[in-house]
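Just passing along the structure, written as structure tokens.
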Amino acid sequence: MANSKFEYVRNFETADLLLPNTWIVVRVDGRGFTKMCAKYGFEKPNDRRALDLMNTAAKVVVTELPEITIAYGVSDEYSKLVSTVVSTFTANYVYFWSTHFPDTPLSPPLPSFDGRAVCYPSVQNLRDYMSWRQADCHINNLYNTCFWSLIQLGGLDNKEAESTLAYQRTLAADKNEILFSRFSINYNNEPEIYRKGSVIFRDYELVDPNSHNTMLTIDSQAEPIEQSKSQKEKDKKSRAKARVVVEHMDIIKDDFWNQRPWLLSNKPGKFPKQT
Amino acid sequence: MANSKFEYVRNFETADLLLPNTWIVVRVDGRGFTKMCAKYGFEKPNDRRALDLMNTAAKVVVTELPEITIAYGVSDEYSKLVSTVVSTFTANYVYFWSTHFPDTPLSPPLPSFDGRAVCYPSVQNLRDYMSWRQADCHINNLYNTCFWSLIQLGGLDNKEAESTLAYQRTLAADKNEILFSRFSINYNNEPEIYRKGSVIFRDYELVDPNSHNTMLTIDSQAEPIEQSKSQKEKDKKSRAKARVVVEHMDIIKDDFWNQRPWLLSNKPGKFPKQT
Amino acid sequence: MANSKFEYVRNFETADLLLPNTWIVVRVDGRGFTKMCAKYGFEKPNDRRALDLMNTAAKVVVTELPEITIAYGVSDEYSKLVSTVVSTFTANYVYFWSTHFPDTPLSPPLPSFDGRAVCYPSVQNLRDYMSWRQADCHINNLYNTCFWSLIQLGGLDNKEAESTLAYQRTLAADKNEILFSRFSINYNNEPEIYRKGSVIFRDYELVDPNSHNTMLTIDSQAEPIEQSKSQKEKDKKSRAKARVVVEHMDIIKDDFWNQRPWLLSNKPGKFPKQT
Amino acid sequence: MANSKFEYVRNFETADLLLPNTWIVVRVDGRGFTKMCAKYGFEKPNDRRALDLMNTAAKVVVTELPEITIAYGVSDEYSKLVSTVVSTFTANYVYFWSTHFPDTPLSPPLPSFDGRAVCYPSVQNLRDYMSWRQADCHINNLYNTCFWSLIQLGGLDNKEAESTLAYQRTLAADKNEILFSRFSINYNNEPEIYRKGSVIFRDYELVDPNSHNTMLTIDSQAEPIEQSKSQKEKDKKSRAKARVVVEHMDIIKDDFWNQRPWLLSNKPGKFPKQT
């Protein structure tokens, strides 16, 4: 049959695997979003509708792909994992566009995204990655808030705003001072979604971190890769039942993680008692 | 600054490169499409609207990503390339859904896709890959046409249809015979889009393969990886101007390739003279 | 210059990296050693000279490549690391051959080896890998001791010995019984080098695992990837001074690891007090 | 059995494959050879004994690993291939040391090597790689011959020699002039092994490149990956019978390759007629 003669081309598919027992982070980036911000008139420095749309799409990804969200111990094909996340994100971004931008119809070329996956071997590496992103969010947002205040409220042009801020590049305190003295803006009163970013996770009953040594528990439970099949089924149902929430909180300090041991233990939490 | 302490996590991003000077094929697959076919009532064995929607989305990918379509010599990050193609495809699939299914609104969970990239070192490997896909398309469609005729026209149930065809598994002639004798269907009169699949490419003036040795030209031009910058600009403009077409033709035989030397030579063709 | 025209070929060198902060195991295997055992008349089931030669070569690898032995946190090019270990091992194997086989000169084709590297993300994964190897060593050696006793002492031929053992494949107790009842061999009195394999490491003062929680210390110390430069220098000197030993002990139980916290903590131990 | 509990660690072995139908080049480098040159008093700028020893070891690699030398179409595990080549090279380097350095016994730490493999998709890429190496060899050797002449014959110290040559960095003609005018050395009369490096290959009857279009033949024969088993056996025997030679010739021009079509066609040549 003709088929067999050509089928040798299958040998060119090189394996493309992620290391098991590591924390897999899939990072999704907008493609050419500077252009898109202009096309659809996104507000500067932050457009709440655009952020809400991103969170809506991300929330669906977490909801629809439970085996990815709690990634510890998952092994999968790299590009299949990445493209599945990116495709689900994109589909929901386009679909929910009109909900968040009711007066701005989408038109070709449509928004699109790319992605990549990184493996982190330890809990500390993963938390440092999350901390890095949140620290970055803070630094960028403080800069952008200053930059656009100088332009929108202070009447400066782009270059003037840039050089005002370049002069005092590394000093967060000075930027706070500019905002307060020139524009009476207290940066700490800015919405948390802008200052801290968004973290999306399944919500269970919070744990009191002082009641016992949470991290120790996590370490000892993280090791067994194998889980009984019935336990897996139970956990899957528990995850399907859990509420997926979008929060804007400090994820650098221990509190966030200690109160939510299910995030790093690969075990669902308890459901809050009904009242 | 807090930033620097966490930034070491960048070291975990392992490189993920495609071999230069090879033909990169990005394969896009629907995720869970059996379920989706049922949900939206796709027709069996082929739903023309669903195929047209796929082709519409694919055509946009070819149109918007010219540097990918003619992939020879392109080197890029694996997962970024794959996720860009999949994301662009998904965005257009969701966006153009209502054009092809005006009476069937889309609802969550939305259709999504995954992808992977494979590198083929030689023209022959690439053509064998394409031939493999078209041979596969023919084999599957002949089987499916028989299978659904036995059910829809012959009144058999799934199992009966399966066993009827299993008995004569490898014989294409027998399947043609079943279609003709039982249902008066001449398989060769079935639409080409079902029998041959779709191939999407930029269209230029066809070349007479007998006028000169096309393949030799291609081989000798394929080698130089470097191209002058102004030539690149010219080629880019030429590609942007070219019409992207969706065709259903034989791509196993040499004719298709010999008449369209631009497909394998990494050089745009000539525009047809205006009349 | 001619050089620049060709230098583009450098782009074909794809990156080939090991994930940081993981335990890298480089496994070295003899190539075609069945043939070599026959050529040089190695004794069955174990040739003490051949094992000692392997250990001599391995000891030099550990001694000469201190940054590899304690691999935690090391990132390096995959194939360079593997080929360096294999080359150092091979050079010493050939060089010290005459020490261990004074009456059997080496002749072409010379013994050679191949290797591969695997990354293990957690201490438990690494210990499970080591346990797997030692469990395998035990199972194989018990089988081989039986097999060759049946032949050398029991007068059976290869096939008879094989079928005797195949009949009771999975039962370790039965093999012990065969050795004892037929040949008065108490397997537990066989040399430990055959029963447990060899483990080669830097030796420091043993630690009493009951005096404090060793594993906890290890976990908390394993995280910081960065070390001050002067500390690195100190550690390097300490490792250079330490004695490299070849031992044959149980590495599946906790004792071995708890008494030698330097093996998993990436910190040299204390030198024993001189007396 | 204890074994099964630990065996899951096998999942950490990530695949590590070379792209099929490409030319695989394995590059072997000496580790710390500056130190070794000093330790054993290698002559500057070229030590003939050291080069001959390298060629002896390389010749054994080509002789013992016929499936690697003509690499076209071979697919194999990356690190296994690299480590096999490096190990065979190292074993022979240590073993034949005393043949080439009868008065200089080897002593620990022994010479060792590392390696890496690169895939080149086309004949042109491969030839460009070889040309790059030979061009590099010429440039380096001309520089080194000048440098050491200025020191050994001209009485300059290292710094003076360096600055003399830095001044006229890119000009080959000037270096030729220095050698001739100051030291009456005609660079073109220097031994070819120094000026052109060494190329090691199986030798068959040369082909007259004018008798037919050799390159065309090669191209068309290179495609079929599959070969009949009996043909493979024949080819293997032919390769085992062929003489492996060490030559120092121009491999940048077409002549070398056109006269030896067996090098790029993956087919053994003809044996010269006996006289």
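Going by the order they are written in, the chains are A, B, C and D; count residues from 1 in each one.
Just so we're on the same page, a contact is a pair of C-beta atoms (placed from the backbone, for glycine too) under 8 Å apart; a residue touches a chain by one contact, two chains touch by 3 or more.
Heads up on the chains, UniProt names are A, B, C, D = tRNA(His) guanylyltransferase.
Keep in mind it's a predicted model, so treat the numbers as computed, not measured.
Hopping across touching chains, the smallest step count from chain A (tRNA(His) guanylyltransferase) to chain C (tRNA(His) guanylyltransferase) is 1. Using the average of C-alpha coordinates as each chain's centre, C ends up farthest from chain B (tRNA(His) guanylyltransferase). A straight line joining the Cα centres of chain B (tRNA(His) guanylyltransferase) and chain D (tRNA(His) guanylyltransferase) is 42 Å long. Centres computed as Cα averages put chain B (tRNA(His) guanylyltransferase) at a distance of 50 Å from chain C (tRNA(His) guanylyltransferase). Separating the CA-averaged centres of chain A (tRNA(His) guanylyltransferase) and chain B (tRNA(His) guanylyltransferase) is a span of 32 Å.
Shared interface positions of chain C (tRNA(His) guanylyltransferase), i.e. residues touching 2 or more other chains, are given as 8, 12, 14, 19-21, 119, 125.
The part of chain B (tRNA(His) guanylyltransferase) that touches chain D (tRNA(His) guanylyltransferase) in the complex is made up of residues 19-22, 119, 121-122, 124-125, 219, 222-223. Note for the complex: chain A (tRNA(His) guanylyltransferase) touches chain B (tRNA(His) guanylyltransferase) at residues 1-3, 5-9, 12-14, 16, 31, 60, 64, 77-80, 82-84, 86-95, 106, 108-120, 125, 128-129, 131-132, 135-136, 139, 170, 252.
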